[in-house]
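So that you can tell them apart, the chains are marked A, B, C, D, E and F in the order they are listed, and the count of residues begins at 1 in each.
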């Protein structure tokens, strides 16, 4: 059964996103929220690992739109990151059996 | 679906408290059931009715109170971590001979058993960490 | 009704109250008869170091509380092996017996078997 | 030497509050002068006299109160960040028509100007972050 | 008596209240006539991104408040160049004019010239 | 004039210690406190950088004894780290002109 992972820490400051990436498996979803949305930048130290997660390991990657917008990141994120609003966040939490919060 | 939410983050200090509020509002709009909201660790500060934010900032405590009233939400503040952090209802204030209480009336002060019960009955548990 | 619940403990002890308050939540869940697993990961493995002596802080010693887990019938105890290795630690020197080492892939499998994931 | 201390960390949640307390005690033991302790951000929770920790944990608020009384310390809680977080003295509780106050009497609720004044007159400024 | 005080801002906006409350402390110190320098470093450089729109959070926009700093006679504004580079940003695209780029060595020198260091 | 730097975050979880290391200069002191004392372990990702700081860049490196002891680290730290108690912390803060807190 698949898991929705949420990450709320900047990968420039903390190892939280890296820890999550190592545990994600095919069919899981990873949602970047709060300061976690800095992980959607192509300059993030985790960018290549996230790209591989999406392309090779079949994990679905999302970032929360209001959190991107607040930080001025809408036009800066990598094109392999999908954007969702709170309705999307809710839908992801219903589509996956469990939710793991990385903070 | 039946959701149980755990909130560990202080309002007014980190964004997680706003995220949880927005998530809960969206759940209810979409017809999901929020069977319990459990405030733990620094999340217990959310129940402090003395919070007096400036007018141009969101009053997160008031927003939770309004949501709880509108949807008869079961919003529980963990008694052990709340007492430690100075969040008390009248009963606990009297028990510990404290000069005042500060828990907003919409919140219930109770033990971790309430949380375990919610976890058992929920289809989904979502944690909002600090 | 009993649920399979995994507690993932990722934070170091003493620097914050997370580790202590996670343990309180864990024991409460055990008392109510749920099917609990516990995973120590990232800086959470530091909770398992022996010879903790927080008398000077003053806080209660976490490792001795953790060693009481089996008394609460919490016996599915796991440690993320790469987290230990990164910190130069081995399973044998930890303050808790009966820990099962898991790879990252094993942890993903453990996640997939649960009804709920609680993280601290 | 004259020290000014800034404490941004909540008691009972992170260790920085204990570190600051221990540092202040050591300063005073060694004959240094603590011209002001300024509680800002989550540090303002230190002034909440309703904190009721379990008997086997340190009561950080009581420890600061005792230290303040013993050494006539000037312990100031930032009014803006405290109001937002629900830490009020009687005067502010009345002003904002709140039902109770919770600031311990040893603490003063005041503005950032008090902090700037301390910084100007201190030989050393030490910050304890969360 | 005027003191040389450096504010080092190292935290991202919105995720926590640190950046906002640091700015309040900074403006108060400026109002009282101290000789202030401001250094943006690490994730603190994200405070300077243009087009911040936190309406949905809801919090106040930090970048527009920061751009008022010169009105308070806070004109010694620095940014740690390696922090910008690591985040793929350039000084020209930031929401604040007049920022001086500093190397890590320059920052060490800036530290050494101050009477007090305040960090947020 | 020299600075006392304090760091209270684990280098296994956060970039705080790395940021501090990059700014330290000869004559400065660096004091590890709270979860920062995990930076005194030889396994820390910052261990080589700290060793170079002490040996090549003439920075004085300390860890706070009660925080090491609480965490069971007394017998595990690198031999280039000196141990101080709170009296030492106070003395360091008087010997240096300024104190920078990294958190």
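To be clear about the criterion, a contact is a pair of C-beta atoms (placed from the backbone, for glycine too) under 8 Å apart; a residue touches a chain by one contact, two chains touch by 3 or more.
This is a predicted model, so every value here is computed, not measured.
J.: Both chain D and chain F are touched by which chains?
T.: Output, common partners of chain D and chain F: C, E.
J.: Does C-F or A-B have more contacting C-beta pairs?
T.: Most contacts of the two pairs: C-F.
J.: Hey, which chain ends up farthest from chain A, C-alpha centres compared?
T.: Centre of mass proxy via C-alpha means gives D as farthest from chain A.
J.: Same residues or different residues: which describes how chain B and chain D meet, taking over half shared numbers as same?
T.: Same; most numbers are used by both chain B and chain D.
J.: By mean C-alpha coordinates, which chain is most distant from chain B?
T.: F
J.: So the centre of each chain is just the mean of its C-alpha atoms; given that, what is the distance between chain E and chain F in Å?
T.: 25
J.: Just how far, in Å, is the C-alpha centre of chain D from the one of chain A?
T.: Each chain reduced to its C-alpha mean, chain A and chain D end up 38 Å apart.
J.: Hey, how far is the Cα centre of chain C from the one of chain D, in Å?
T.: Inter-chain centre distance comes to 34 Å.
J.: If a residue has to touch 2 or more other chains to count, which residues of chain C qualify?
T.: 14-17, 42, 57, 59, 116-117, 119
J.: Counting only residues that touch at least 2 other chains, which ones in chain F make the list?
T.: Only 8, 12-13, 15, 34-35, 66-67, 98-99, 101, 103 qualify.
J.: Pull out every residue in chain B that's touching 2 or more other chains.
T.: In chain B, the residues touching two or more other chains are 12-13, 15, 41, 57, 80, 125, 127, 129.
J.: Using the touch rule from the top of the page, what pairs of chains touch, sorted by label?
T.: Applying the touch criterion to every chain pair yields A-B, A-C, A-E, A-F, B-C, B-D, B-E, C-D, C-F, D-E, D-F, E-F.
J.: Okay, in this complex, where on chain F does chain C touch?
T.: Checking each residue of chain F against chain C gives 8-10, 12-13, 34-35, 38, 41-43, 66-67, 69-75.
J.: Using the touch definition from the top, list the residues of chain B that touch chain C in their complex.
T.: Interface residues on the chain B side: 6, 8, 40-41, 80-81, 111-113, 115-117, 119-122, 125, 127, 129.
J.: Along chain C, where are the residues that touch chain A in the complex?
T.: Residue list for chain C touching chain A: 8, 10, 41-42, 82, 104-105, 107-108, 111-117, 119.
J.: Going by the contact rule set out above, which residues of chain C touch chain F in the complex?
T.: Those residues of chain C that touch chain F are 11-16, 42-43, 46, 49-57, 59, 63, 86-89.
J.: Inside the complex, what are the residues of chain B that reach chain D?
T.: Of all residues in chain B, those touching chain D are 10, 12-13, 41-42, 45, 48-54, 57, 61, 80, 83-88, 92-93, 96, 98-102.
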